[in-house]
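Both complexes below contain chain A, partnered by chain B and then by chain C.
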Partner chain A sequence: MNKSFRSVFLIFALYFLSIDQLYAARIGELVESNSWDQIKRFFTFSDRGLQLSLIGALLFGSVCGLTGSFIVVRRMALFGDAISHAVLPGVAIGFMWGMEKDPLAILVGATIAGLLGSVLVQAIVRTSRIKQDAALGIVLASFFAVGLCLIRMIQNHEGASKMSGLKTYLFGDVAVIDSSDIMTMSVIVVLTFVLFYFLYRPLLIVSFDRQFAYSLGIPVRLLDAVFQMFLVIAIVISLQAVGVVLVSAMLIIPAATAYLLADRMNKMIFLAIIIGVISAILGVFFSFLGSNLPTGPFMVISSSLLFAMAYLFSPKNGRITNWYRYLQLKSKVRKENTLKLIYHYLEKNAEAKEGVNIEVSELLRTSKGDTKGKLSSLRILEKSGSIELENKKLSLTNLGLEQASSIVRNHRLWELYLTNEANYAADHVHDDAEKVEHLLSEEKVKELELFLDHPTVDPHGKPIPGRGQV
Partner chain B sequence: MAEIIDNSPALEIHDLIVSYQKKPVLYGVDIAIPEGSMVGVVGPNGAGKSTLIKTVMGLVPHSHGWVKIFGGDLKNSIKRIGYVPQRESVDWDFPVSVMDVVLMGCYGGLGLHRRPGKKEKDKASEALEKVGLEAYSKRQISNLSGGQQQRVFLARALAQESDLYLMDEPFAGVDAATEVAIVELLCQIRDQGKTLIVVHHDLATAREYFDMILLLNMRVVGFGKTENVFNAELLQKTYGGRLTALSEIADKLAREKI
Partner chain C sequence: MSFNQIFVEPWVSHFSAYWPILVMAFFVTAACGLIGNYLVLRKISLVGDAISHSVLPGIAIAYMIAGSRSDLAMFIGALIAGIFTTLIIELIHSRSKIKKDAAIGITFTTMFAVGVILVSLYGADTDLDLDCVLFGKLDFMASKEKVFFGLPQIVLTMGFILILIILLIVLFYKELLISSFDPSFAATLGIKPRLVHYCLMCSLSVVVVSAFSSVGAILVIAMLILPAATVYLLTDRLWLMMILSILHAFLSSIIGLHLTVALKVSTAPACVVAGMFLFILSWIISPRYGLLRYLSSSFDLSTFQKEN
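The block that comes next holds the complex of A and B.
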């Protein structure tokens, strides 16, 4: 539902923009130059406008990461989205106050509108059957619509020239940030960080377990109100740079990325701040490179790319990381199964020891299926020094015998454990042991041996390979 | 018999009525729980067991009656209460470690902004040891089994060092061995003179676990020493369905807001 609301806004907003030419605010002086020169200009930081943009990006990127972390763990992402839209009428009214871009008036107006929106959502939920998602949709849409109308009225009244400052609030342009904005932003960012430093623990407790927080005597409602106020303020100071439509993404995406990477709240916040700042600065960079591209979308795209990277490559649970791990396990299993096959062959036909020659074709005949795969894993085993291959004959090396005995030992120990301790029937244990043998750690094996009192025979009467017999 | 000195009960509830979104859940609850007892709250689903606990905690507003804790009102005594909510009430993917959660229990003595120091960490480790989770202190909570999660909550309550413990189904989803260990722990706490009120689902074990039983089904069906209350007649009354007239009238009362 929220998505369809969103697309309606976008159409609305685009309609507004198409009425007169988009005012192309640019970071720094616009010089005819190629992108290489632009990159050079970016990294020399000599451009005054660019400096302001970067400081701005640093400020609001960090505050978005900080506040967003709590939004994400409290599952308030939709709420953040709704509030960010609800501030628009406040921006317009703040602008009307002096009919110029007065950062303080706009900040106050937007904060009031945002808080009013949040109070309304809660009131609707508490006093009617409407659930929170619908209430958010209602408030978000109506406030945003009022905001659009007000902006249009100002435009009609004052003419397009006055509009330049206001229009950036829709899609965001970091270039309009001037030094008085930076002053306001710095004060607010410092305040926010100090506040979160002091309220970190109670906020953490309320976010994790609200009922328990009550039982500790934490003033939960007051804390919620303070948090919401600072959420609104974080939104407002990011508004010029990112725009109403996308600002919630800067709250959610860097924090969600950090959530994938960290398993402690303090680490998550730290990462979210860094990712927020990097996304904001990348946005400035691309926008600078393209001379007059809007900054907001680029910031959001940058943060989405960072999110995608964490999603795919996160060391703990990334999709590609997991896939890679799976492939590794699979190749380990294939290798170990081939070693086991050799061991079984030797056990049956000769003695399980190193250096005994086996015809490869003989070996392959003993088991069904996938001859190609077995040949390739034989080659891999040869490379890793587990076997020697010569004239279509193979023999186990010392290392190979050790590896093979270890996997057979795992298998038979597990079978014994299942029959003795878990009361499995002896003819049911093989399949389970086929899987478990590859997963048992050295420690677990020792534990099993100790537990089963160093057994020598498995439930089927086959010897369990001992250690150091090689 | 020895005289009873100081005698405000640990928890006193007087003529309590609670309604949830106009539906009455508790009606005319009137009990006094003496200090140092371990009380099992027993009743069918929807009997208002959790609601009773939450009302005592002030998490759910009541429409009539009052609650006194150690003779005082909730505001003054809330720090003397330890709370173990239902396990499902929190998000176990939350980025905190086992230690972090247990340290939350020490918050009460710390005040708004102070970080937990060595003293608090020792207290938390001790609590973790008591529930047998000392080896897990650095783990993220999502890596725990259901029984372990329940024990983390218990350790957190222990770290609170409260005088009155309110526990909402601490045995839900816990394996038999863990249940025995938890009961032992609860008895130890009781033997230190503390009061425990435990919502419990299983009738079979309720009898052996608790000194006192509160049979609840919207209203108090029976309350007293286990041997006096735990009989077929009262259990039948507790589990024999709701009193339809009572719930209808109470419903109406709440709607009309008389």
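The block that comes next holds the complex of A and C.
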């Protein structure tokens, strides 16, 4: 945790130093050119407006990741959504303050509206019999409607030209971020990170085990209030770039992605910050390519793409990773079962010895079922050098013999273990051993052998093979 | 703005312009409110929000393909988008450690983002734009061609849907009631709670999609929950809730209309604001569950505790 925070601080410090050299220029003011030129321009970072957008993306992406992690583990995703809609009247009133885009007034107005919204939700839940979900819906929609009315009134009063500044707060436009916005944002972001750093431990305890937090004497209600303030601040910071309507997605999706990838909270927060920043930057990139499009949806879609990648390919639990692992296990099981079949054949026909050719058709006759699958796994075994196939006859190589006897050893050791140590009846152990034999590691087998004192006979009276013997 | 302009003129000289708006607002709010009662009772209020957000790409694509407003295309598009969203939510929720609330949050915001991009890219060719998504197009009812009683076709369709919803609720009142309050008891009576749930979701989607063009994607949630929450504080009887929520819809559309005239804002948000005032009123003065009652009872308790 310490380390990750320190590195994040370092990055902020570097950007603070570089902000002074930037001056306002907007992406929208660029000359229209083809998308290839735009891509080149994006990666050379030569455009001042682009640099500002990227810094903005870095700032709000990291705060969203940080706050979002707590929202996801506390199951407050829909709360975040409601509060993010509830800031709209604050934005409108902040705009009315000076009748122009004054970032500070809008920020203050939005923060107040967001906090009011979250207080109202709790007041409704506590004092009436309306449940949390309905209270969230009421606050979300009512505040949003008030905001829409205020926006229309501003529009009537000031004319449509002034509206463009306000419209960006609905669906987001990263291009309107200028250097004074960046300064405000960075101060707030640094403050947020510092506060989180000091409150990390108690917040963690409150998030995962409230009863325990109470018993430790942690001021739970106060921390909840502080956390809601963080939530509102994260929303307000991202408002310009992502917009009121979709800002909750930037809180939830990067954190949920990190949640898929990490098991520990500190790792999750670190990953969520990185993913938040990446999706914000990707959003800037996509909206840089097309002109006059709202930025917010692009940020949301890029973070959803990252989420989809994590969902499918996460090394621990990704859907495709798991499927691939399952297929591998399946082919391993089939291969080992075929080897076992050969071993059993050799065992039964005492005259057949090592190196002696076995008729494939004869082998297949000894077991029921799927002939095609067995033939294909025989072919796979031939490729891996475990058997030699010639003229419809097969013979085990030394490698194959070793593999076959080890799988039979696993099977019989496990049967013996179950009868001796788990008190299974001898006629009940086969099915279980049939599954476990494929999963026993070399070490486990050694442990079993030691535990059972190097047995030679299984519960059915069959010999347990040693290494490389039939 | 004089009193006359705000309260009298809409009913006298501009009546033909405001009549379809008023009727449409009432139809939408009433249909949403009736369904919303069940959402609030079943504690799944935010499902309506998720549905209204996630059908946007379906509606946008249907608009693009059909060229202009076509009810059937819109319904099919919305239906496909809705089913797709439900599948994705289930897929994320059941096959990974992501919790249900986050799965809903991820899916509907993503769908909505896709919808917003589609609308802003291709919406210029049709009459679907971001303003429609946000504010709804209730104010444009007056400019549509009138076919019956000074009402345009779309209002009549909405009225038909309202009647359908009322019929459904009257016919299946017992089933809905029991399965909302006690699903296991419903199951012992041979009512399938899951089937009832899916039917409810189906009628919810129909209402949400038909309300979309008049109130937009975001304000629908207010139409769904505000009436139900308001009347939930006033009564314990479901049938009374139904009747009162229709009354709430009626009042909020009339007050909303006057707000619209007074403040020159869009009608849909104004109706929501009016509904919000009604809710706050009922929250404060409700005889059994209100804020005043809560405060007075907690005050009594504290004096009682001090005495002992």
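Some observations on this one:
Definition applied: the second predicted complex is superposed on the first by the 434 of 470 C-alpha atoms of A that agree within 3 Å, B and C clash if a C-alpha of one lies under 4 Å from a C-alpha of the other, contacts with A are read in each partner's own complex, and residues count from 1 in each chain.
The definition used in the following text is that contacts are C-beta pairs under 8 Å (C-beta built on N, C-alpha and C of every residue); 3 or more make two chains touch, one makes a residue touch a chain.
All figures in this text were calculated on a predicted structure; none of them were measured in a lab.
Of the two partner chains placed by superposition, chain B and chain C are both touched by A:R75.
By the document's definition of touching, of the two partners only chain B reaches A:F198; chain C does not.
Contacts of A:N349 after superposition: neither chain B nor chain C is touched.
In the superposed pair of complexes, A:C149 makes contact with chain C only, with no contact to chain B. Judged by the touch definition given at the top, the superposed model places A:G217 against chain B, while chain C stays out of reach. Touch criterion not met for A:Q328: it reaches neither chain B nor chain C. Once chain A of one complex is fitted onto chain A of the other, the partner contacts of A:F208 are limited to chain B, with no touch recorded for chain C. Of the two partner chains, chain B and chain C are each touched by A:Y259.
Comparing chain B with chain C, more residues of chain A are touched by C. Within chain A, the residues touched by chain B in the first complex and by chain C in the second are 75, 259. Within the complex, the chain A residues that touch chain B are 73, 75, 197-202, 204-205, 207-209, 211-212, 214-218, 259, 262-265, 267-268. Residues of chain C that touch chain A in their complex: 39-40, 43-46, 48-49, 92, 95-99, 101-102, 104-106, 109-110, 112-114, 116-117, 120-121, 130, 134-135, 218-219, 221-222, 224-226, 228-229, 232-233, 259, 263-266, 268-270, 272-273, 275-276, 279, 283, 286, 289-291, 294-295. Interface of chain B with chain A (complex): residues 54, 57-59, 78-79, 81-83, 85, 89-91, 94-97, 100-101, 104, 107-108, 110, 112-113, 115-116, 140, 142, 156, 160, 166.
Residues of chain A that touch chain C in their complex: 72, 75-78, 80-81, 85, 124, 127-131, 133-138, 140-142, 144-146, 148-149, 152-153, 156, 170-171, 245-246, 248-249, 252-253, 256, 259-260, 293-294, 296-298, 300-301, 304, 307, 311, 317, 319.
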